[in-house]
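The same chain A turns up in both complexes below, where it pairs with chain B and then with chain C.
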Partner chain A sequence: MSGEKFSRFHRFAAWVDGEEWCGQPAASPAPREKKPRPGKGSSLDRYQLYRRYSQLVGAVFCLTLFGVLMATVLHLPLFGSPDNPTNNEVSQRYIERGIEETGAANIVAGMILSYRVFDTFGESSVLFLAATCVTILLRRDHNNTTTSDLEEMAREDRSGKKDRDMILRTAVLILLPLSALVGVYVMLFGHISPGGGFSGGAILGGGMILYAQTFGNANVRRFFNEHMYHLIKVVCLMGYGLFLVDYVMTGSSGLPGHVPLGIPGHIISAGIIMPIDLLVGFEVTCTIYAFYALFSKGEL
Partner chain B sequence: MELLTTLWIQRYMVVSVLLFCIGAFSLVFNPNLIKKLIGFDLMDNAIYLMLTSAGYIDGRIAPIVTDFSAAPSAEHFVNPIPAGLVLTGIVVSVSVTAFALALVVRIYQKYHTVYLDVIMASMKKEVD
Partner chain C sequence: MLPLYYHVPFFSIVLLMMTGILTSIIHSGKGAMAFHLTMSAFVCGANLWLLSILAPEGECFTYAAGILPHPWGNELAAGPLQAALAAAFAAVMFLCVLGGSREIFEDVEAEKQNLYFVMCDLILASLMAMVYTNDGFTAYVFIEINTIAACALVMAKDTGPTLVATIRYLMMSLLGSGMFLLGLTFTYYITGHLLLINIHEQMEQIIASGTYLIPVTVIMGLMTMGMCLKSALFPFHTWLPDAHGTATTSSSAILSGLVLKGYIVLLLKVIFCLFGEANYRAFHGGDILLAFGFAAMVVGSVRAMGETHIKRMIAYSSVAQIGYIYLGLGLGGRAAAAAAVYQILVHAFTKPLLFLCAGQLAAASGHRKQMYYLRGAGHRARLAGIGFTIGALSMIGLPLLGGFAVKFFLADAALASGWRMWLALAALAISSVLNALYYLPAVVQIWTIREHGEDDLPKLPRFSPGFAAAIAIVALAACSILLGIFCAPLGKLLSDGVALL
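Moving on, here comes the complex of A and B:
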């Protein structure tokens, strides 16, 4: 019994590494042709049966879900009414004492980066973990790259270099500084206006993707290579963790925070919120660009 | 008539239920893995719409203070809590979608298809 489990684990590990599983010699890759859909009368009758019944069960499930949810909607508290049970003393406290306690004019930013900063740290860790998992699954190495893949990539690179569109290049050169500026602005002003680390990072990452699409990944690699990516990502998450530890430890001991809250409405205010927004923003930028680069080319 | 009035007042909830059910249909029925993921994202977005609409209060403004002369009153702003929850949810859904799409890419590299029934048939042949 244990032997079978062992071999299943080996198959899984080999699949993660991009190899054929052990027991078969590492053969040349299978030809890329679409396998025919199994028709009726083949040896797959049990699958046809399973599919038909699963569709029936799925239809019943979805219709029941729809009915139950619509019946629930009729009994929910009315939209837009100030007396709804969601508008209770918690939100009242956040609004009335938020500025005094966190210094942030944007109450949502004050809430997620001061009152609930631990939750947001978990969220950043989830993003970090997702980027790591995608890197594990999609990174190119000698196990999962064939010579034909490499040739295809080289051909794409050559054709990309040859027919670069003049209009596209000029437009990107104008848009790129603007998108970088807007991204950093949204990050920096997250505590006094709508925005914050995640949205600013997404804008900045989008600008980098635009640049990589137009000028090729090799040009991005001149200022943002894999070493840089790991450095920024790890330093940002660790910096966030340090701010969090300091904030939680001093607060739980009843001490005043180390970072002054400043005057509400000024850029340098709101204590730890602005530095955390910047750190989160750069981490999100790295992650967004890494998703693009890994899915399109398999390397940063 | 009363039912229709209630449904009109709750229109955001009704749309979010519709989106959720369309997503669930596609997640259950569609054999294409990518379309399953699109259905999954549709369900995510239905939940965000529902949460945001639950925090809205008629005639009030977004929770960003502009007048610092007096302490802000809870009478002026909508509920900020659902906005924070949705912000967290969006980031987690981006992470989950990226991870799931990476898995689909690897499954395609192995089986050369994204149709779940074909994949299951080939898997059964392998086990036999």
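Moving on, here comes the complex of A and C:
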């Protein structure tokens, strides 16, 4: 009894010294040949225990969440019913006075880039943030790249230069101007017809990825290098930010905006919506291509 | 024309976001840091100015971030509580970055250092937005920004363990964001609004009429669980020790001092501005928070006792301290909520102090973070030792320090809450003893003089903290003490602020 107390005190003293925890058994060397019981002992056993139960726990969690959400959906108002709570003064004003107040024939563009332009600035920054995170993680540095990686990439580049598929190249040369045209059109007409900066930028960025896949990243670098990427990204986002500041400063004070609304339906109309669509579009183009380049090569 | 101070909330957010965007093209890490520090100091000053205007009269205002006010456009709302929180968050961010600057430049790749400060800028911007927003969807957008940037802060020290910790953190955090978004979607579907003021009006009617009771319960559950997941309330704390324990010093300090708090402030808004506190309590949301807060206070401390790695010990202590905040939210009523906000402030200043000092003590012991090697570290790094001691004593709850004020306010608020009083008082008593049980041995350990030849550790030289870190440690320690000494006026300010929410 006293011996046990003595050893407990020793263990407590050892814990104060930061050597071990008094709640754990003393670290006496366990005999090797004794097979530890599953679930206790080595970290490998704990890992197997985790493997066994994590899937079960995950399945139970997902099924419960699924059940709860389905039950909720059954108790929500019926989709599309005219007396739903969503059909209130908010949507009424957007629909009835949206064109007059925002100048945008596309009411969705009017909503996201005029009534809720502050949220959308946040969304554009999410994209910038995601690209920055990918850069932190994947841009080549001595920590995440070995010389064999570099050699392999150089070999791929060489072989890519030698045998380029003629059918692919011709097809891409035909498709590329079209995709650029559609991308710019979707951006420019975002306030008039379905589309806008995000979708137009995605089309344009897709075209750039296609070009890079066919002709190699080195060719893209002739007109779009890292320097260019930073320049476009910062100019676009800062431009958006300055439009936002001006719009909110005048709007919150009850003054008319500095950018005229124009005649709804014309290309030059809808106040800040059209320029912001273009800025967002070019930012999205850069970001989409940067994702591709960083994930595939680790550089722009 | 609006008075100039009406623009402070909007400009705090937008200026910091623009700072982040511009910082991405500043190539030198030092320049990026200087830019970040200047802007966060400026934002802190602006919010203090706003506080000095709003606090005397108890003034509140809403600010249309666009051409139309609620219910049509984005809106920000500011009062004394929001201004105080925003100023404190900016100050803590400034001190965290300043205090851990040396480690940032050691741990982060040279050509990626400027991107680290982009993340700091955006985290502060998103915190400002969470504090000031009056719009559910704006809150969600900035939750997203906060989530991604916080993961990047962990990831910036590019080693195996930090990458594993980042993945775990990202998964848990995204689950939390997803739950909040689902809750917000359902809310929009049954109320037709996204702005908190209008949702609140509709919610009152819905709950009074008794329709949609199941969706309302689920919304409450989803939003609360989402925010609890992201602020590491027990039992969702499993990601926290890895993320906070392995990251670089500044990141640990920012994550535990600020990022967790942003989500709790948002939950406070959800309870008070979205549902209304009485409604939230009618659905037993408060009791659930109380129970989990109690569990977190005990389990966090017990797990902290089992740690011999100093940063992981402090991280587990965060789990326990977060439990105090939830205890305050769960007790209900203005006084308890004010105590919870007080704990947000105290923890926001004290935990970065502990992390910064622990980083320095470890650096003074040959970059080893096991308690065993830290013996006598307080003599090698005096300032860090004193800072650590102040922080630890504040966490334990010694009078004249911030932690004591929180426990006092919580106990005071508990007296008016019926049977919950016993639970709260028991939690405070147990948790104080448990806190002492792991912080005091650590303090004794770092101040124990090591005789030469007593153990196998090599003799280590004196450690110089560096000018920037010294300023940060002194300022954080001073704030911890000031929060304890001036608890009466500050407590009244926060209590009035909570009443104005």
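Just so we're on the same page, the second predicted complex is superposed on the first by the 255 of 300 C-alpha atoms of A that agree within 3 Å, B and C clash if a C-alpha of one lies under 4 Å from a C-alpha of the other, contacts with A are read in each partner's own complex, and residues count from 1 in each chain.
Definition applied: a residue touches a chain if its C-beta (ideal position, glycine included) is under 8 Å from a C-beta of that chain, and two chains touch if they have at least 3 such contacts.
Since this is a predicted model, take the numbers as computed values, not measurements.
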Touched partner set for A:Leu127, first chain B, second chain C, both or neither: first
First (chain B), second (chain C), both or neither touched by A:Val245: second
Touched partner set for A:Asn84, first chain B, second chain C, both or neither: both
Contacts of A:Met187 with chain B and chain C, given as first, second, both or neither: neither
Which superposed partner A:Val117 touches (first chain B, second chain C, both, neither): second
Which of chain B and chain C A:Ile107 touches, first, second, both or neither: first
First (chain B), second (chain C), both or neither touched by A:Leu278: neither
Which superposed partner A:Cys286 touches (first chain B, second chain C, both, neither): neither
Partner chain in contact with A:Gln55 - chain B first, chain C second, else both or neither: first
Overlapping contact positions on chain A, where the chain C interface meets the chain B interface: 15, 18, 69, 76, 84, 86-87, 90-91, 94, 116, 119, 123, 126, 129-130, 133, 137, 144
Residue ranges of chain C in contact with chain A within the complex: 1-2, 6-7, 10, 14, 17-18, 20-22, 24-25, 63-68, 71-74, 109, 111-112, 115-116, 118-119, 122, 129, 135, 137-138, 141-142, 144-145, 148-149, 151-152, 155-156, 158, 182, 186, 188-193, 202, 212, 214-215, 218, 221, 302, 305-308, 370-372, 374-375, 441-442, 444-445
Residue ranges of chain A in contact with chain C within the complex: 15-21, 23-24, 68-69, 71-72, 75-77, 84-91, 93-94, 101, 114-119, 121-123, 125-126, 128-130, 132-133, 135-137, 139, 141, 143-144, 230-231, 233-234, 237-238, 241, 244-245, 247-249, 251-253, 257
Touching residues (chain side chain B, partner chain A) in the complex: 3, 6-7, 9-14, 17, 20-21, 24-25, 28-29, 53-58, 60, 62-66, 68, 71-74, 77, 79-84, 87-88, 90-92, 94-96, 98-99, 101-103, 105-106, 109-113, 115, 117-118, 120-122, 124
Residue ranges of chain A in contact with chain B within the complex: 15, 18, 30, 32-35, 37-38, 44, 47, 51, 55, 58-59, 61-62, 65-66, 69-70, 73-74, 76, 78-82, 84, 86-87, 90-92, 94-96, 98-100, 105-108, 111-112, 116, 119-120, 123-124, 126-127, 129-131, 133-134, 137-138, 144, 192-194, 196, 198, 264-265, 291, 294-295
